[in-house]
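See the structures that follow.
In the two complexes that follow, chain A is the common piece, with chain B as its partner first and chain C second.
Up next, the complex of A and B:
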């Protein structure tokens, strides 16, 4: 039987496991007042809950990924060859990421795109943090309620505009003959227009703006619960403002910072629209590579292998950062 | 080193609201000075003005003779102990205590030595590595004191720091605070709404209400010689008899009240026809007839036996009962509920003051 079909049986195995767990719980009660799972919910509802939870976690969450994992270990085949004698498990797709097409040397183009995407995402995360931390601090600690509401509105309303429109309007602003260049040339600041898009300025601006809210709300939530007296106490003990942030606010808001940075990093590394529309002509974003495998080459096996390389790298990086800053994963989702 | 604190016609306004109205006072170096008043009276505003978190709308604050205008809280020789203590939860006891020194750039060895010294002072030796969450309420209290003392302030400001503690601990901490103050010898400015705290600890007390300083004096003066009706009714128990001055001669006045003409001292120079309130403290009244102008009668509403003393509550002129406190061994018989009791007091212990706002019950 094909390994692809095996995956389809996993849900039924898991539903059965849930069922057995529920039965086991009912049998294990030592406390006579304790009611088992089926006693509490009734047989019909009990089965329904198990079924729905299993359906949700398996068909919508686990199974699609599982299928892609399996796909990534298969060779690139024409539709007719699928399930045939050539359809064997292989590491070829992963290998193709590292080794050049010719079989000699490294796959410089894809590895280059991969490293650039990761580094640019780190830069976007850092830029976003630098923009959002002061804003979030102002909103959470020093702004008056009316001003904070107004600011909140100004932050949220632009997100009603869809991402593609937002990306293209940024293009209009940043293009060589765009508004910013025209104004700067007319004002005499520069002689020749600056190629913002070619230099990836557009990419960084677009990505930072796209995930601004994802950064600002975790920060805001974390800083908002900080007791104002702590800030005042530090100030009273002689701390200048930057020390108050370093010693009191940032350590306290660390889980929120981690949460915001993780999300922005993950989302920018995986984003597609902004890099495609705002990246320079020489810029190759790794998700575009993946996209092309799926939709241009119809090479799902290689596309999924690349996608998992990106996912694994991102998770590894985030875990490393969390370990480095001594934050547990649980804290970031508080 | 300790420094005095002077408030020179300090007024603090928040928009239309005047939180502190023309406060002038002179706190001497090394003094334990308390601001006593009900919540919202402006005492915390005064504290925040002295510490530098607020700027006075008018007037000046001087610490050690130096004008503090434009000097932020991080550069004033004061340290503040917050009502909720505001200890840093992510730091250890030692890190909390030495935070002010770390900010000043003092080296680690000196900081450690200072921390040990302060941990001994607050009776928590060897507990520097504990996390804040491992400490009890009283211990946190002491750490907050040590953290403030570590920066060697000339003035320590305390904003109701004992209010979160239970009664026993609060009484214990009162003594401890007083002891610490004597040991370090710096000026303490203490904010409280608890008159017991103010009376037991302070060298001098300023009683405040509605942003106005009502009276400044030591505990005995505040209790025995209240300057206004507010102070008389706020500090300790007191029985007010409202009325009009019928006659004023020498240092005494005769007040026409609902219980007849009653006599009391007249330190504020009330004149005939002035509206006045005569105050007689429960422990100054006795259940026996005296001379005609210091004796009145009323129905006994209830009796509360408290062991060392008994409170007898009599029908008053308004809603408030008249309280007479009878000591255990002064031989007086306690009247029955519903009977009419005759009460008298020593005219010296009756106090006639101009009518004014009284403390809310």
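Up next, the complex of A and C:
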């Protein structure tokens, strides 16, 4: 139990350190016009703000995350054994991700699921960028304000329908008894229905469909602020259309592109609905592995370890891409 | 000239394809809600029926899920909107060296997969609430955990909405009020909050909708309870029934009505603003002419 408790003090130590630093600096360069926090906000509001913000950042974000990470370094135990002599720190959960449970060779199933999820998410991100970029460019640079507002509304309305029903609607199209197969068989194009869900077409379409909006808005926002004269100038100087995009629009919209791609990638890698309802029977998505540890094996420690592996890998990959394209994280989240 | 025409045609065709992709599946699903076969099919269309809506209405699990979803949505809004607002204000006042870390912590739920938020919420709160039997019996419930889990990222949405609005706040207003003797709390209640009202409204709407639609976090945090979305997920997993399409038809209709109302209101506002401007111009011109008239007569 002790390691679990110790970690809970980490955020408070960090806060105390910053507070002491702030005190020290305030004393160093004394500024008589400076007003203290409670002086500025009043006692009641000041306390209310601090209460709300610490409830959120500490008890809903920082502490649960830290606690989950600590849990992942513990062995799989029955509830009664928690806090007992067997409850020690261990790397066993992480080892089990790499080593097969027979003790020999690699854990091919889980590593395979992990790599497949990451690669498929990258593919979906690229696909969505290709689909959304032209529309975002059109809305940002050539549409009239009224038309753009209508297009926006048309984009948002389908997203009021939840993820599950959207996956369901794609299943009605792509299933072996679905509309596309029915029409193609009736028209005589094919004799036997094509198994779109079995060969993962459904999964890719579902993921791309689910996160179109997440890609298009950052792109639109970034391209919208580009001065039209820059494009005009490039055109007057004789640049072909693809060079205008490559050398003018895309470099300018880089933060928006990075933000859209990051969001789509993170959401697809962490998605649960599309793989569950549109993936083929042999397809194993990494979040489904985590889901099964929680709901079928009740192995929370191992589920936590896998969740942490997913989070760490996603963050590492996003950081790598941002470094590669020379964008800071602050620019991305706006 | 001809190439421009071709270009425009291609753009039009592309936009058509894009929206066909966006709306196609929803339209097909809506058709299946009115078709008789047990398996939701749009083609061939056998005969028209409203039975699936009746079936939906009689689905007790779905109705219970709907009720829970609304309760959770209201709870999430009640936690997240104040928390996002408080964080947005603290963001501008916090010790400058801590600001980066504070921003990272508040935004991190948006970058964390929802699955992980759900898991960490359950693991943490289970142990915290298990300290006494009473707290466990009273608070360790799916609805409460779902509110806690969802609030962590909905608050972040709210924070972004408030920060965007606050950047347009004119500090001169605050200074004027302070010079006239208002206290800081008075400035907050009478100047800042009214200024933020549109942001509060959109934070409430977006917060409620994203709570209502959430699946990844909720499926873990909800424990033995159910929300509309988790009931739906269970039904899709078991098989498919046109009753689900019927539900989709209802949701799409509500969205469409909402969207059209929004558009109408926006257009009316625009028209009213235009009219007011035109009237002001006419009045101004009349005034200028009136004041110029005696001047010319005296000269």
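What we mean here is this: the second predicted complex is superposed on the first by the 292 of 334 C-alpha atoms of A that agree within 3 Å, B and C clash if a C-alpha of one lies under 4 Å from a C-alpha of the other, contacts with A are read in each partner's own complex, and residues count from 1 in each chain.
Simple rule for what comes next: a contact is a pair of C-beta atoms (placed from the backbone, for glycine too) under 8 Å apart; a residue touches a chain by one contact, two chains touch by 3 or more.
Please read all numbers here as calculations on a predicted model, not as lab measurements.
> With both complexes overlaid on chain A, does A:270 touch chain B (first), chain C (second), both or neither?
second
> Once chain A of both complexes is superposed, is A:60 in touch with chain B (first), chain C (second), both, or neither?
In the superposition, A:60 contacts chain C only.
> Output check: A:248 vs chain B and chain C. Expected answer is one of first, second, both, neither. What do you get?
First partner only.
> Between chain B (first) and chain C (second), which, if any, makes contact with A:313: first, second, both or neither?
neither
> Figure out whether A:7 sits in contact with chain B (first) or chain C (second), or with both, or with neither.
Touch partners of A:7: none, neither chain B nor chain C.
> Looking at the overlay, what does A:77 touch: chain B (first), chain C (second), both, or neither?
Touch partners of A:77: none, neither chain B nor chain C.
> Is the number of chain A residues in contact higher for chain B or for chain C?
Counting contacted residues of chain A, the larger count belongs to C.
> When the two structures are overlaid on chain A, which partner does A:165 contact: first (chain B), second (chain C), both, or neither?
second
> A:92 contacts which: chain B (first), chain C (second), both, neither?
Once the two structures are laid over each other on A, A:92 reaches no partner at all.
> Using the superposition on chain A as set up above, list the residues of chain A that contact both chain B and chain C.
In the superposed arrangement, which is not itself an observed complex, chain A uses no residue for both chain B and chain C.
> Which of the residues in chain A end up touching chain C in this complex?
Per the stated touch rule, the residues are 4, 14, 18-19, 21-22, 37, 39-42, 44-45, 48-50, 52-53, 55-57, 59-65, 67-68, 71, 131, 134-135, 138, 142, 149-151, 153-158, 160-173, 177-179, 182-183, 186, 209, 212, 262, 266-267, 269-273, 276-277, 287, 290-291, 294, 300, 303-304, 307-308, 310-311, 314-315, 318, 330, 333.
> What does chain B use to touch chain A in their complex?
So the residues of chain B touching chain A come out as 51-53, 72-75, 78-80, 82-84, 86-90, 99-100, 103-104, 147-148, 151.
> Please output the residues of chain C touching chain A within their complex, sorted ascending.
Against chain A, chain C makes touches at 11, 14-15, 18-19, 21-26, 28-29, 32, 39-44, 79, 82-83, 86-87, 89-90, 93, 95, 97-98, 101-103, 105-117, 119-121, 123-125, 127, 148-149, 151-152, 155, 183-185, 188, 209, 212-213, 215-216, 219-220, 229, 232-233, 236-237, 240, 244-245, 247-248, 251-252, 254-256, 258-259, 262-263, 266.
> Give every residue of chain A touching chain B within the complex, in rising order.
Of all residues in chain A, those touching chain B are 227, 229-230, 232-240, 243, 247-248, 251-252.
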